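Both complexes shown next keep subunit A, but they swap its partner, so subunit B is in the first and subunit C is in the second.
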Partner chain A sequence: MAYSEKVVDHFNNPRNMGSFKKDEEGVGTGMVGAPECGDVMKLQIKVHNDMIVDAKFKTFGCGSAIASSSLATEWLKGKTIQEAQKIKNTDIVQELNLPPVKIHCSVLAEDAIKAALADYQKNADGPAAAAK
Partner chain B sequence: MKLPIFLDNHSTSAMDPRVLETMLPYFVEKFGNAASRNHAFGWAAEEAVENARKQIAKLIKADPKEIVFMSGATESDNLAIKGVLEMYGEKGTHIITSSTEHRAVLDTIKALEGKGKITVTYLAVDKFGMVNPEDVRAAITEKTILISVMLANNEIGTINPVKEIGKIAKEKGVLFHCDATQGVGKIPVDVQEMGIDLMSFSAHKMYGPKGIGALYVRKKNPRVRIVAQMDGGGHERGMRSGTLPVPLIVGFGKACELCEQEMATDTARLITMRDRLEASLMKALEESYLNGHPINRLPGNLNISFAYVEGESLLMGMKDIALSSGSACTSATLEPSYVLRALGVGTELAHSSIRFGLGRFNTDDEIDYTIKKVIEVVTKLRDMSPLYEMAKEGVDLKSVQWAAH
Partner chain C sequence: MDDNKDTGMDHHDTHNSNPRELQMARSMCWHCQSEVSGEYFCDRCIKVQPVSKETDYFTCLGFPRRLTIDPRKLEAKFYELSRAFHPDFYQNKSETEQAISLGNSAILNSAYRTLRDPIQRAEYLLDLEAGAVKELKNSPPADLFEEILELQDTLNEYRAAERTSETQQQLRAKLHAEQLTLEQRKQDMETNLQQLFTNWDALQDHGDATSQARTERDRLLKQIREILANRTYVKSIVNNLVATIG
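The block that comes next holds the complex of A and B.
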């Protein structure tokens, strides 16, 4: 199967690859997928004043999964929490030209975004936030 | 050294230039139909076909009359299984096979099973992918008409104890079919010694042309009979109708002759290169696991799982090396290799597997390049892998509640 140029570019030059400390203030972490399924994505956001100021990812998965999460971090940076909620997997499919068998990679990336946002919210709301 | 490098010799192999040279006269000059009995064109074609039949038979220690030409091993597997069932179906309808067979065997058997025409025993394999001959013995019933077990596996290269299985088959009077596609031309095959009654193999896996294969059909002790699955002119002693593709057959014969003459030197070279590849990767990359049998393995085969990285992304990172992975990220089911699963390899490690298939035309330089590249890409992808990060932090990945999707 041939990959689109954009997938290859994200794969060869992943944007924002790495990790934040999970207990750092303003950090939300989303981890989705399962090793048995062949893909696991960890997506992290760093939020300041409702604005996502930084994002990072680590992904175990095929090239399309890596590209989807790399793209997601690019899109997240500079967005508000509300704007980030609106990122849809179909946007990722379109941007990366993913074939039908790879749509699940984009779904996973959307799930990872949602999970990171939820984790940030939980940390910000809960009294346990500081303790975590 | 030229890129890309071809290290996928289990899927197919480059044709040996000497094979091509032998084939060339049979396209334009000697183009006759081998079944034309009344003119020189036909005689020349027939002579070429019979010469090739001898070359092929010699490689597997058979009689030339026992070689039936097919389009490839898939057709051979189909004819062996369906042809035996149709001939001996009144005696019984039980077939024994193994869970790691090629899909040409498994899907043929499953199709018959699905139609309610046969009952099947699928033998489990051990952790190296090997069938236990005693399991074959235990599975035989009065209704068993066929045992179909492969010689060497296409993914992990494990070589089955075919001789022992053949012996049991003889003892019990059950026919033994062996899909030897990966083995013929690579390791010594002797249909007499191995007690094989029907054997499938194909030219393009051994530096011959695509589109030609053979089914070995034993003529004595016992005389095996099969019902043809295609009607027509009654070629190949009625077992496979259709005009013989003379150039392909000539190439197949030459490929067999070369394999016979060069097997010892080819094998020694391949094992040296393969073992060096294996040792270098294992040494440089922690948590790499060999899949398949450590010793009883095809000379050109190496199958390794690199924990924490996904196979397809590995292939993508090494796009100037042609390899194959047990990861099934592209398949509709998202299920990784059933062969690796049958060995008890965990799903996550099956997703992380790479098959290296070395062949006659690979060079030491290519192996050096491959070693360097694999180490580089695995290291890069592990840096990118959340699983590797967790494992390094001491997290037991098995204890994590994953959200399966």
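The block that comes next holds the complex of A and C.
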């Protein structure tokens, strides 16, 4: 199967690869996996004043999964929490021209974004709220 | 336990013993409209009967929904039905019968391919039973994920290192050690799965409809699903390791 040019570009030059310390202030971590194919994705955001100032990812998986998470971090930077909530897997499919068999990679990326946002929220609410 | 190998666990001899498990997908012969009591052939006019698309693979092969299946019995049943449905034997029959023969053969092949492999069988059963367990969310195994991502970094370092350099040799040794550890872990998961499969089967054989049995059932299914998922992650990184360091 041929990857689209954009997938190949993200795969060869992944943006924002790496990670933040989990317990750093303002950091939200999303860790998701696809039990069907064994792909693993970690996506992190760094938030300041409700704005995502930085994002990083690490993905173990196929080219489409790497490209999806790489693109996601690019999109997340500069967005507010509310704007980030609105990123849909279909946006990723469209941007990367993913074929039907690779749509689950974009779903994984959306799940990772959601998980990172939820984790950030949980940390921001503080341990008192988490204990409830 | 390789995906294509059987588990060698065949101490259950309950197959076919419970006629209620063999629900027929239809009750009336398409040809003579008489009641069909045989498995796939009408007793009266001996015409082949179609396997319904809604028939699950266990029913199709005449086995109860169990996670442990004697591979020899399964194979014997598959050959028996393969012969019975084989299109070669229907060349001089009506078009309807030829179509049924083809359709049945296709379903039978998928059914056998799925059920002969213990892992695929378990995944298939989870799909069938999903109604009850779908709500029970598994939390992702964060530790395992961290480990996989870290290993991937090492793999990248290895790929980037100069060939036959000392650094590469060291990385290779490290990756090889990780590979052995992960393979052992996969093995342990499979041993664990076999135990859970046995527990599930015992519970089904018992057939209690109490709420306690239902809770236990869901707990088992959830556990099985979790280990199956973790096994896929481990298998995936092991394959990657093997492909990289050879």
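Keep this in mind: the second predicted complex is superposed on the first by the 124 of 132 C-alpha atoms of A that agree within 3 Å, B and C clash if a C-alpha of one lies under 4 Å from a C-alpha of the other, contacts with A are read in each partner's own complex, and residues count from 1 in each chain.
Methods note: contacts are C-beta pairs under 8 Å (C-beta built on N, C-alpha and C of every residue); 3 or more make two chains touch, one makes a residue touch a chain.
On a predicted model such as this, the values are computed, not experimentally measured, just so you know.
Peer 1: Clash or fit: what happens to subunit B and subunit C when subunit A is overlaid?
Peer 2: Pair status: clash.
Peer 1: So in the superposed three-chain picture, is A:14 touching just subunit B, just subunit C, both, or none of them (first/second/both/neither)?
Peer 2: It touches subunit B, and subunit C stays clear.
Peer 1: Taking the superposition as given, does A:116 touch the first partner, subunit B, the second, subunit C, both, or neither?
Peer 2: Neither subunit B nor subunit C is touched by A:116.
Peer 1: Check whether A:40 is in contact with subunit B, with subunit C, with both or with neither, and answer first, second, both or neither.
Peer 2: In the superposition, A:40 touches subunit B and subunit C alike.
Peer 1: Mind working out whether A:76 is in touch with subunit B, subunit C, both or neither, as first, second, both or neither?
Peer 2: So A:76 meets neither subunit B nor subunit C here.
Peer 1: Based on the superposed arrangement, let me know which partner A:101 touches: subunit B (first), subunit C (second), both, or neither?
Peer 2: A:101 contacts subunit B only, not subunit C.
Peer 1: Quick one: name whichever of subunit B and subunit C touches more residues of subunit A.
Peer 2: B
Peer 1: Applying the document's definition of touch, where does A:58 land relative to subunit B and subunit C: first, second, both, or neither?
Peer 2: Both partners, subunit B and subunit C.
Peer 1: Please state which segment of subunit C collides with subunit B in the superposed model; the candidates are 7-15, 25-33, 61-69 or 79-87.
Peer 2: After superposing on chain A, the clashing stretch of subunit C is 79-87.
Peer 1: Let me check the overlay on chain A: which residues of subunit A are in contact with subunit B and also with subunit C?
Peer 2: In the superposed arrangement, which is not itself an observed complex, subunit A uses residues 31-33, 35-40, 42, 58, 60 for both subunit B and subunit C.
Peer 1: Enumerate the contact residues on subunit B facing subunit A in the complex.
Peer 2: Within the complex, subunit B contacts subunit A at residues 308-310, 312-313, 316-317, 327-332, 334, 336, 346-348, 351, 383-389, 397, 402-405.
Peer 1: Hey, which residues of subunit A end up touching subunit C in the complex?
Peer 2: Those in contact with subunit C are residues 31-33, 35-40, 42, 58, 60.
Peer 1: Within the complex, which stretch of subunit C touches subunit A?
Peer 2: It comes out as residues 140-142, 145-146, 148-149, 152-153, 225, 228-229, 232-233, 235-237, 240.
Peer 1: Which residues, counting only subunit A, touch subunit B once they are in their complex?
Peer 2: Listed in rising order, the residues are 1, 3, 8, 11, 14, 17, 19, 31-42, 58-63, 65-66, 101, 104, 107-108, 111.
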